[in-house]
């Protein structure tokens, strides 16, 4: 009974369920576009046409100063932007989960040390540090993803740790230990699955902030000139006069793509997060 | 407990600033260039003299000690591009940045927590849903893109606001006129982050038993929110806002660039273009110090307002 | 006319698993100055009933029936009118006082809050009254403590003070003794009884513990699977129960040798047809699985059983 | 074999410079096969900690835990594994005693695979076990949140029984259950003891449960046995 009531959902959520499809829908169409870029893109993004064309039938979103077709740039750019966001998030999620699980499960000295390191990493001004490092090194998107991954695991480590602390006090963890399962088995088969639902939404948010950061750092011109991301496109529009001259078709589409895709991630994270809020127990 | 935290901040400060010391020395390329910036052309003699001055010949630990000594003397190095000490460059720029950041963070905190709390409390109402959608959009947009949009529509198209810079005549009214749009964007940006955190926090707190007990005591909806839930929900915000400070501050740098303001953002932007490393490193050190101070302040405030922490001491 | 008259109260919840019928046609009356114990096992719907009376149920609850207090149907009141009733006329004491009190306010602040907000008392007057009340409940010198500084028992008393400070006519206590050590149970019951007597109030006590019901109540109502099975004077129900479920529940008590009730607890989504206890009843007849038994009068109350 | 503790003490230090707080002090207990030792104490008396120490889940800061006369913390790995199998513990929280992310069937099979039972026997062994604790097969596909507290507790008990333990430490096995369900579980425990001659350490705050179940009684107060 208590279990059934714990699972209570308001009737209204059925209506909300339709809204909640919007996030995954946007998300998957962007992923699809990135994967099928070669098929759906009207032109080669590096092919040159007449520059500064307004949007029209020939070029749905116009062309830029080099005469590149903006729509094609946009579709191919999604590959870079998404790849940076996801690889940074995968790296940081792996690190954060490992640190959080380890610290929370073994407690003691390991916990103190790992959490001390986490606290220090939390204090690093991340974007300024990436800017400084990128200024010294040859600009590259992979470097950016790597740095973000190495800097952004802290939030997740904290969340996973506190969830692990809860889970390890539950009967089934102590029970599994008493039965004689190894620590490895307990961590990966009992503890980890029970932390997944705090990891999943946080993962989405990490992808989101990595993409915003990528766009910001590219905006400063710290990106690989041989590749184009959404951030790079805005950067060029800004530094090469597209913005000053009011060529909205040049910088508006990549900016909107970032916003909309990030929005879909945040919406999905919201749905995943709400699931873990327990409704009021009535009995 | 508080002293333990302060010690952690001290360690963090030491390590991050040391990292700043290590970066130019560990990066590929000539260390001297890394320390001085690229595209600096000097005569042989001047080069040698500089080498001695910067101290790259000395053993690393001496360099390290000198680095810290200089830092305590507020000496952040010398920009060979701008021909000025980095610390005075930053001092000159940072007040303009603070003029943008300080009011925005304060207003953003008020607006964000207040509206976020109401939205979390009445989250089913159409009005708060609309509001949440609005803040969500801002939350999901890179701040510089937001600035570009605002500047394009309100500046170019409607002509309500000047397009660049801080002031033309230097009167207060003029400065305010120039500052209005960037401060607005910055406030919305920082408010959107606080809004999301506060809304989530209230949604969690409203499930707590004390909230239903307050209702059972016969309190009205507003009384439950503002007398009971708000304080509990806002407490974690103090820490989160401080942790967010670095991110918000970085956002301000980008906003400055778009609005061509004479602050730290453009200092960084310009020094990136000509790889003026001393300036980049100096700004990084200053931002680090500010972030750490913000967090220290937050911890102290937290200790003052939360009775549970206050009594543990 | 009873002080509080619950008539055919039904509560159900919409869930993804189906409609949970948490309470079905519950009828109870609480007289002036009376203590009524509502007894039942986890998930029988007893907490749902009191939360329905106080209108504290979550939004997905569907409530039917009437709850009449002094000639007014509480279920038809809007939130504003109901807020006026809560605390002043009907007060509730939750289980788990350490979570029900707000962690960031002193207990004296929490007790005087109702006085200030609802009676418009001055701050000094409210604080005077609340510290008197806290002292009477044995919390002298602890008025300016925070809940986390007090033990569970002290918090329980602080919450009693919060609930009764406005002198309510009805006190509802929801499992006030759950999870307490044996020595604490008597003490807490004593406090609640005292609060009741000082205010001349009636008490509706929710409990799973028959022993608690025996100690404090005048009347007992036994709930099973969302229905009230039996109501009567405490001695009668506990000495000579009329319903087989009450009998089985008493037999499973430690002093009767832990005789278990056979079979699993019923589902609240798909409760048994006919008499809800029939699958586990030792005296089950064919009719029991088809027809819902009607209320039959007993010496001091009624029972819902065909036997 | 019997399990006993000799002068077991337990203390923790909170933080680096925190005070040492003592939870257990010089506890001597003996659990014999076929008998039930009731351990009664209020909340915070240290009874659960003593249970965990006896089950070898926590290492005492002082004193020894002996199984069959040998100190478990000085055993070789192989013997310790045997001890692990022979001394089991069942916990209080009925909803947390099984992993909520696994089906009941997987929770059971996991133990069978640990015991290196061949796969073809799994189903049969599972059914045997369910019968022992009085449950039906239809529960297997469900998650712990989809069965009642009493059923969860029976499954947790059944899992432990697969290891054929000699001694089971029962930490408040029924205190979160309803009166009627509590009665069911206590009867089951008594029956199993009669059949298998296991020794129980029954940790509880309820004097009535102890007087119903236990042959011997120990009382613990603020970390000391009295």
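Read from first to last, the chains carry the letters A, B, C and D; within each, the first residue is number 1.
The rule is simple: a contact is a pair of C-beta atoms (placed from the backbone, for glycine too) under 8 Å apart; a residue touches a chain by one contact, two chains touch by 3 or more.
Bear in mind that the values here come from a model prediction, so they are computed numbers and not experimental data.
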Legend entry - Of all other chains, the one whose Cα centre sits farthest from chain C: B
Inset, instruction - Please indicate the chain closest to the centre of the assembly, with centres calculated from CA atoms only. - result: A
Legend entry - Chain pair that, of all pairs, has the most C-beta pairs in contact: A-B
Legend entry - Geometric centre distance via CA averages, chain D-chain B, whole Å: 53
Legend entry - chain A and chain D: spacing of chain centres that average the CA atoms, whole Å: 44
Inset, instruction - Take the average of all CA coordinates in chain A, do the same for chain C, and state the distance between these two points in whole angstrom. - result: 49
Legend entry - Multi-partner residues of chain D (at least 2 other chains): 148-149
Inset, instruction - Hunt down the residues of chain A that sit against at least two other chains at once, touch-wise. - result: 1-2, 7, 12, 279-280
Inset, instruction - Pull out every residue in chain B that's touching 2 or more other chains. - result: 212
Legend entry - Contacting residues of chain B [partner chain A, same complex]: 8-9, 11-13, 15-16, 19-20, 23-24, 27-29, 34, 124, 136-137, 139-145, 148-149, 152, 156, 200, 203-204, 207, 212, 243, 246-247, 249-250, 253-254, 257-258, 268-269, 272-273, 275, 277, 280-281, 283-284, 287-288, 291-292, 295
Legend entry - In the complex with chain D, residue positions of chain C that touch it: 41-42, 181-183, 208, 210, 248-249, 252-255, 257-261, 264-265
Legend entry - chain C partner contacts - residues on chain D that touch it in the complex: 42-43, 148-151, 178-184, 186-187, 205-209, 211-212
Inset, instruction - Can you check the complex and tell me which residues of chain C touch chain B? - result: 54, 56, 79-80, 83-88, 91-92, 94, 96, 99-106, 113-114, 117-118, 146, 148-149, 159, 162-163, 166
Legend entry - chain A to chain D touching residues, read off their complex: 1-3, 6-7, 170-172, 174-181, 189-190, 193-194
